[in-house]
Amino acid sequence: MDADTGPRELPLGRLEAFSDGVFAIAITLLVLELGVSADAGDHLLPSILHEWPSYLAYVTSFLTIGTVWLQHSAITGALRAGDTMLYRINLLVLLVTSFLPFPTKLAAQYLGETGPERVAAVFYGLTLLALSLSLTAFVRYAADHPHLVSDRINAEQIEQAVTYAPNFAGYAIGIGISLAFPTTGVLIYLVSAIIRGLPAPTLHRLLRRLRPRR
Amino acid sequence: MDADTGPRELPLGRLEAFSDGVFAIAITLLVLELGVSADAGDHLLPSILHEWPSYLAYVTSFLTIGTVWLQHSAITGALRAGDTMLYRINLLVLLVTSFLPFPTKLAAQYLGETGPERVAAVFYGLTLLALSLSLTAFVRYAADHPHLVSDRINAEQIEQAVTYAPNFAGYAIGIGISLAFPTTGVLIYLVSAIIRGLPAPTLHRLLRRLRPRR
Amino acid sequence: MDADTGPRELPLGRLEAFSDGVFAIAITLLVLELGVSADAGDHLLPSILHEWPSYLAYVTSFLTIGTVWLQHSAITGALRAGDTMLYRINLLVLLVTSFLPFPTKLAAQYLGETGPERVAAVFYGLTLLALSLSLTAFVRYAADHPHLVSDRINAEQIEQAVTYAPNFAGYAIGIGISLAFPTTGVLIYLVSAIIRGLPAPTLHRLLRRLRPRR
Amino acid sequence: MDADTGPRELPLGRLEAFSDGVFAIAITLLVLELGVSADAGDHLLPSILHEWPSYLAYVTSFLTIGTVWLQHSAITGALRAGDTMLYRINLLVLLVTSFLPFPTKLAAQYLGETGPERVAAVFYGLTLLALSLSLTAFVRYAADHPHLVSDRINAEQIEQAVTYAPNFAGYAIGIGISLAFPTTGVLIYLVSAIIRGLPAPTLHRLLRRLRPRR
């Protein structure tokens, strides 16, 4: 609580516990939107199959939050402490995470309906992009404050984490395509989540082939 | 974060915390589907009793998730570390777990309604089977990577865990019977959960009587 | 995983984490049932006040789960380990806890409606009694297995815990009164929760005055 | 469990875990109230924008709970133990926290509707004020029981925490203004949350300029 130096150091335990709670709840609340229409009883199997946009949105949001959680835990696992600023950036990550079920619901509801599906898919993609941006801010803040990083981790490893964290390109492309082909756009969001979910070494090797090392 | 060797080792703390969160939420969300019809006020007691399919589905899903959690915690308790692959298989277990409230809701809604109840019971059983399969994948991965296993545990004990983990037969039989007698099928799912919930030594003794040791 | 001796000892960490999750979710889900009627806009203040049965049921269930959690954490805090049986009894406590929002909802909905309020209040009381019974089973199992108890705790202290744990009398009286005066019955449930929430020493002193020491 | 001295000391682990759970759930449940009207399909973008009162209430409640959590974790991080009384005051903080989604929903629903919006905004502000009061009771109890405080923390630091904890003035002003301009009142609630969320040193410097040191 020194008022004169930089942000005060804080332990990571409760940041992790609180974040795990929000991630776990946001990822599980998504199922509440799944359901069949009230008159589905007469033809339940087709009604269940008819809900494919819900499943697509469900799996996309689940894997997005799941892989964000994977990265979040990888990052905090590399730190030895947080500070008041990192706590605040973390709240921002959680704000977007807990907002995600809303655009997910809209995508589930309107995909396949010619009029509103473009708006729903773009709104969904913008939220996913915001989530990716806030997570990147979290990673960069940690990477830029080496005194927060555990001694076991060296600079190159943090750089690796920073390198593979953003998948903005995927969301930018997905949002662009959503304007014309909303379902395809959402599929690109799904692929973006899966790519982020690949183990870092695998992804790092893929990236090394695609572009020269920074 | 070595890019050259196998999957990187990761601590288990956050995997456990995040999984506990998802299990706890999925198991508690089930209650949201319980309710009586809007005009139940005139005859509340019969209305409450009339909801028996909801209670059957509620208890079945609760005990299924509860015993999956029991096994999950037994397994992670036997490990000294995880790795990036185990984290990903764990996400798969959680994906199916958090999906379970949806087929549970359908079973609660349609059991006892001649038309759709078969579809609902089979869909429910398939999801339970998928949960069992994903949990088995989790156990097997751990058992196949002895360097992840705590020194206090020996090979035979892990084998025990692998032996009692699957109850695919129960679900296969339950799904088959659901095609003709949906409520009986769901009762078999419930019994399968209870059997999985038996303490390992008890179950192991039962299994030893039924079949020769592998 | 010894198949020959009694139930295997297990660490308490995940039992506590999972239970905390279920308690926290059940206690927080209760708010989802709060709301005003759709046409409340013209007279919002009276509409908010008109929901008093909801607030009564909300506070009663909140304080019941809250004080059950207080006792649960006091008990596990006195233990040095759990075993497979304690884990299963704990699942029973959680099953009733996560079921509680359903009778709470019915009480909130029907208190003040002459016909169904008796059924709602009795059903609510029976669930609260079941919760109290399951928690007592949890305490007694721990007290009867001294090898699970921390060395820092002596026998008399566990006996204290067992002494103050049950408030069956409160629920029995409350259920009886609910048959004639449902709202009064629910108020007795609320008082029972508050009494359980009193610090153990305070309550112990009160009890010592009321009856001879066992 | 000494029945003769003051409140018994308790470890903080489960208080933190349970509180993190309730905070995480309350903060995430808020999203369930977000949605567009059933006939929004024809004009989805205006429908999404039309929900601005929902977003305002969502962000206000999210940041309020988030900053309450920040302070709560700062306080428990400064303690070495709790006691039975602190546990009970903590339950009070959680009771108000888990109640917050209800007035948030009313604010989201009625802001912009001339008749009921004043009632909704005042009810919302009163709940936020109650949350601030209960958190202050939590801080003061800790500050008044130095034996609970970690050796690493000195008296001045606790006083700092007590100094910056209350933002009653903000809520009092916001509630007053809500009587005439409800939306402005809610904006003041939002600003109050943001001010509480500022790092303690920053806020402390701001406060030092505004008034003499106590």
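Labels A, B, C and D are assigned to the chains in the order they are written; within every chain, residues are numbered from 1.
Going forward, a residue touches a chain if its C-beta (ideal position, glycine included) is under 8 Å from a C-beta of that chain, and two chains touch if they have at least 3 such contacts.
Small disclaimer: the values here were computed from a predicted structure and weren't measured.
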Equivalent-chain rotation between chain B and chain A, CA atoms, steps of 5 degrees: 90
For chain B versus chain C, which are copies of one sequence, does the interface use mostly the same residue numbers on each side, meaning over half shared, or is it different? different
How many angstrom lie between the CA centroids of chain B and chain C, rounded to a whole number? 26
Between chain B and chain D, what is the gap in Å from one C-alpha centre to the other? 37
Expected list for chain D, residues touching two or more other chains, is 17, 20-21, 24-25, 29, 32
In the complex, chain D residues that touch chain A: 16-17, 20-21, 23-25, 27-32, 34-36, 40-42, 44-45, 48, 58-59, 62-63, 66, 69-70, 73-74, 76-77, 153, 157, 160-161, 197, 199-201, 204-205
Within their complex, chain B touches chain A through residues 1-4, 7-8, 10-11, 13-15, 17-18, 20-22, 24-26, 29, 32, 84-85, 87-88, 91, 94-95, 98-102, 105-106, 110, 113, 115-116, 119-120, 123
